[in-house]
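Shared chain: subunit A. Partners: subunit B in the first complex, subunit C in the second.
Here is the complex of A and B:
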């Protein structure tokens, strides 16, 4: 906190309030159009002005589009990739921090190089690889690449955390004859929850909002996650902007709820988690 | 010796699942595009070997590719600089305030957690010259130029999309600066205040220079982010009008999955891969950037 004269603080507040209002206009407009009764076609200011609030657009969406089914698809894909990233990422990070691994530095260098790899460079080969593995147009065809792409970040964050853990704890356990895998599972892993929560949040957000891989590998509408839903129904809702914007609102709710429920862990992780790459 | 081998085996067992997944879904694909780039190939039938022909065409006879390069040169500096300045300003002003800080932080960060697909559709409506928000404001205030079809005009379209990208990701820069400012010792700021340095000067001459690591991280992530821009372009313009908003990821998608030129799309992927790895390594090795937090995907 920086101490300043009261007048400066008041000016700062006024400026921040004005900017925040402008910044929220697109979000408010989305909500306004979604809550405007469907039969009211002409609305002021791109739909920002609401004269009458109605839930009927949401009724149309739930009647015409299996939105909860798509939410379920998103959750299956996202939560599976979060689980695998946490498990495999923590194992690898622990090995890099504490165990003997042949060629450790080379493996680690290869992993972090791909932090800089743009996903769109992989869409052609991943489409072909999924096809040869027989997992094109399946959940698994997204879960496995999402896991692979999420691992480098997880390993870097977790390795930094494991390295910072006091060695005495593990040494004491080792002297008592506890094996390395058990030390990892029962001592190191439970202690690393602040870093794990950062990994969980990050992996959840990126997988939940991921678009390009889902677009090229999923063909069946029944498997598609929420991020593809606007494309599926863009034709059907073309003349019903209210229903379309109600859909957009419904897509946004889960990820916003998740983020704000987890936010305090994120800020904690941000301030403690300066990690050398 | 037995003990040694056992320890190595155990270590390898711990990294094996990660390495295996990584090998199949990241490394193999990276080499796959290198190979596929040498063929004229529709993705279904056998390809015809053309050597470096695809690359020759990309560099000598491919207007959309060069437009995508030009657009990246608009996109990266505009996005990065404006987001850094705004993000820093807001983070600094939040340090001044005492109340409602979490609310402001949440509001500015909100767009970054919303799917770009949603954001693209909402902003399409804002830019719509017939009954969109901007045109309605233009009509009400007499500022007629606001009714301009920004997304449909080849001169303005890319900048219209860049505005949306800045709006979406500015909160991330803000969050990084907030985290960075938490690391500045109170004594330094207090000393600046006692020396009679103005708030503005404190921001510019004391706080900004101390956040060099945050600046470098944001530049690095901004460049990577530019190179993987896809959903906003795909939803808002599909790269049009007449390729005016073309970005490399969208061009790869169009060539590979719409035109079925998988070989050519692979060659474009190789160029994107080389660009992103080259630029990242340059920034990390030469400029000393590093990932403080939040690696880009």
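Here is the complex of A and C:
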């Protein structure tokens, strides 16, 4: 622990609080408009002051748009990509950390370079690949690219963690007659939950919120995830800002809930990885 | 259970030779201790026996079978690590039974093997705890139990007690000795604590820079070290080394000059020594006799401080040439008043080493 003088600490707190408040303004506006009754066109003070709270906007959204169906689409796509990223990422990371692989460092370097590519540059090639694989306008058309895009980060995080696991644990298991795959499964994997939870959270958030690739890949409204919903209904809700903002509010709920549920693991995981190297 | 044999075994890490042509036979049921200074290759040799390090050249047999290139799982060896290496996410019961479960034994079979071991090591009450909820000594016992459950042919320990406090160490040492007496499994034990080595071992193997310096029973090594290194390593407090110069030789005797211009006669060794050669006379603290008055052939020591432990006292000081000396003294504490003590050496109690540290007599 670094000791910081009380005055510095208080200044820092004040600064961060101010920053957080500014950050919150759009969110508050969104909530204000969403909770203002639809017939009231103008809210006070740029939308920050709510005079009358009402849930009717949400009623309109649920009546006109199959929000839950889109949520289901999002969950299918997101959870599948999380599952594959954890599965393949952990296996690859373990191989990188513990096994003899030909050209290991070159492979790893290539993986890291993929992190440097901005995602928008990949949209066109991914679209082409999806097309030639015949998976345009299917869940797979998103699940596979999300998995591929998520793997490098996952492998880097998990490799660091596996390398920091005490080697003697695995050696003890080897002497106990346990095979390499089972050492991975029964020793290394259960012990790396802090790193795994970081990967799960990160992959969940990025897949759940992804927009551009979903937009170009999916045509059928019935397959579209939650992140595309504002776009689908922008025409319909054009004259109803209340309904539009209610939709936006609804979209953020799953991510926020998920984040708060996993936050404990996230912070634990990040610091554990850091301390162990 | 089985004995094991190492034949000209070497280990290279790149261009570094960590173990150099080691040959050793361990009898069935024997308790062998590897000792030596840090970095001498004790762990490496142990890990080569376990199969965790590849053997660069040479052969290893266990129970008469060549296992030089055999997978660790098939050597029927159990090892207790310095860090215990307990599986942190499993309970004590889970740790003890892990190997058996992995071998697809039934619940009943696992319990039938785990329970007696747990009872023997007094772990019954702790079976549902995780390793993090155990004391150091309890973790140590779980690690031993985990090894025992598999009824191995050979038991390996790498400095198993070095993480424990002094009192617990003594207690665990006694428990280990009793355990070995009871089950009689061939055991190889690494330590750099020479007291552990002396008390536990049937035979001690002293390693130095990847080679075996000497092998023998604890008392063999104590009474008859073949090198100054072994003489210095075995025995506590450490043996005293006195630098000396040969001044004359005759048919029976060697005349030495000791620090403080003292002439000292010593039986002549086989090796030919010329006047002017340097040798080292080594004598254990308990074999020195001290007096406040100079006697013929006694060497003067300047006393720096005394340690009185009750039954025995130790005097720490230096010879005229600055070499450190330790004297063990019983009875008559009154000599602790003197600044200078005169030490007499019984030639038959002293070892003579040449300049390279090889034993001369």
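Going forward, the second predicted complex is superposed on the first by the 250 of 277 C-alpha atoms of A that agree within 3 Å, B and C clash if a C-alpha of one lies under 4 Å from a C-alpha of the other, contacts with A are read in each partner's own complex, and residues count from 1 in each chain.
Following the convention adopted for this analysis, a residue touches a chain if its C-beta (ideal position, glycine included) is under 8 Å from a C-beta of that chain, and two chains touch if they have at least 3 such contacts.
Predicted model, so just to flag it, every value in this text is computed and none were measured.
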* Asked: Mind checking subunit B and subunit C on superposed subunit A, clash or fit?
  -> fit
* For A:166, select first, second, both or neither according to whether it touches subunit B, subunit C, the two together, or no partner. => second
* Go through the superposed model and pick first if A:186 touches only subunit B, second if only subunit C, both, or neither. => second
* subunit B versus subunit C as contact partner of A:155, first or second or both or neither -> first
* If you count the residues of subunit A that each partner touches, which comes out higher, subunit B or subunit C? -> B
* Asked: Given the touch rule stated above, what does A:26 touch, subunit B (first), subunit C (second), both, or neither?
  -> first
* To do: For A:129, select first, second, both or neither according to whether it touches subunit B, subunit C, the two together, or no partner.
  => first
* To do: Take the Cα centre of subunit A as the vertex and report the angle out to the centres of subunit B and subunit C, nearest 10 degrees.
  => 100
* A:35 contacts which: subunit B (first), subunit C (second), both, neither? -> neither
* Asked: Shortest C-alpha to C-alpha distance from subunit B to subunit C once the two structures are superposed, in angstrom?
  -> 10
* Mind listing the subunit A positions that touch subunit B in their complex? => 1-5, 8-9, 12-13, 15-16, 19-20, 23-27, 29-30, 33, 42, 44-48, 84, 87-89, 91-92, 94-96, 99-102, 104, 107, 110-111, 113-129, 144-145, 147-153, 155-156, 180-181, 184, 202, 205-206, 208-209, 211-212, 215-216, 226-228, 230-231, 241, 244-245, 248, 251-252, 255-256, 259-260, 263, 267, 269-271, 273-277
* Asked: Taking the complex as given, what residues does subunit C use to touch subunit A?
  -> 50-52, 72-74, 77-79, 81, 83, 85, 87-89, 98-99, 102-103, 146, 150
* Contacting residues of subunit A [partner subunit C, same complex] -> 166, 168-169, 171-179, 182, 186-187, 190-191
* subunit A partner contacts - residues on subunit B that touch it in the complex -> 4, 7-8, 10-12, 14-15, 17-19, 21-22, 24-30, 32-33, 36, 43, 90, 92-98, 100, 104, 106-108, 110-111, 113-119, 121-123, 125-126, 128, 131-137, 140, 167, 175-176, 178-179, 182-183, 189-190, 193, 199, 202, 213, 224, 227-228, 230-231, 234-235, 248-249, 252-253, 256-257, 262, 265-266, 269-270, 272-273, 276-277, 280-281, 284, 290-297
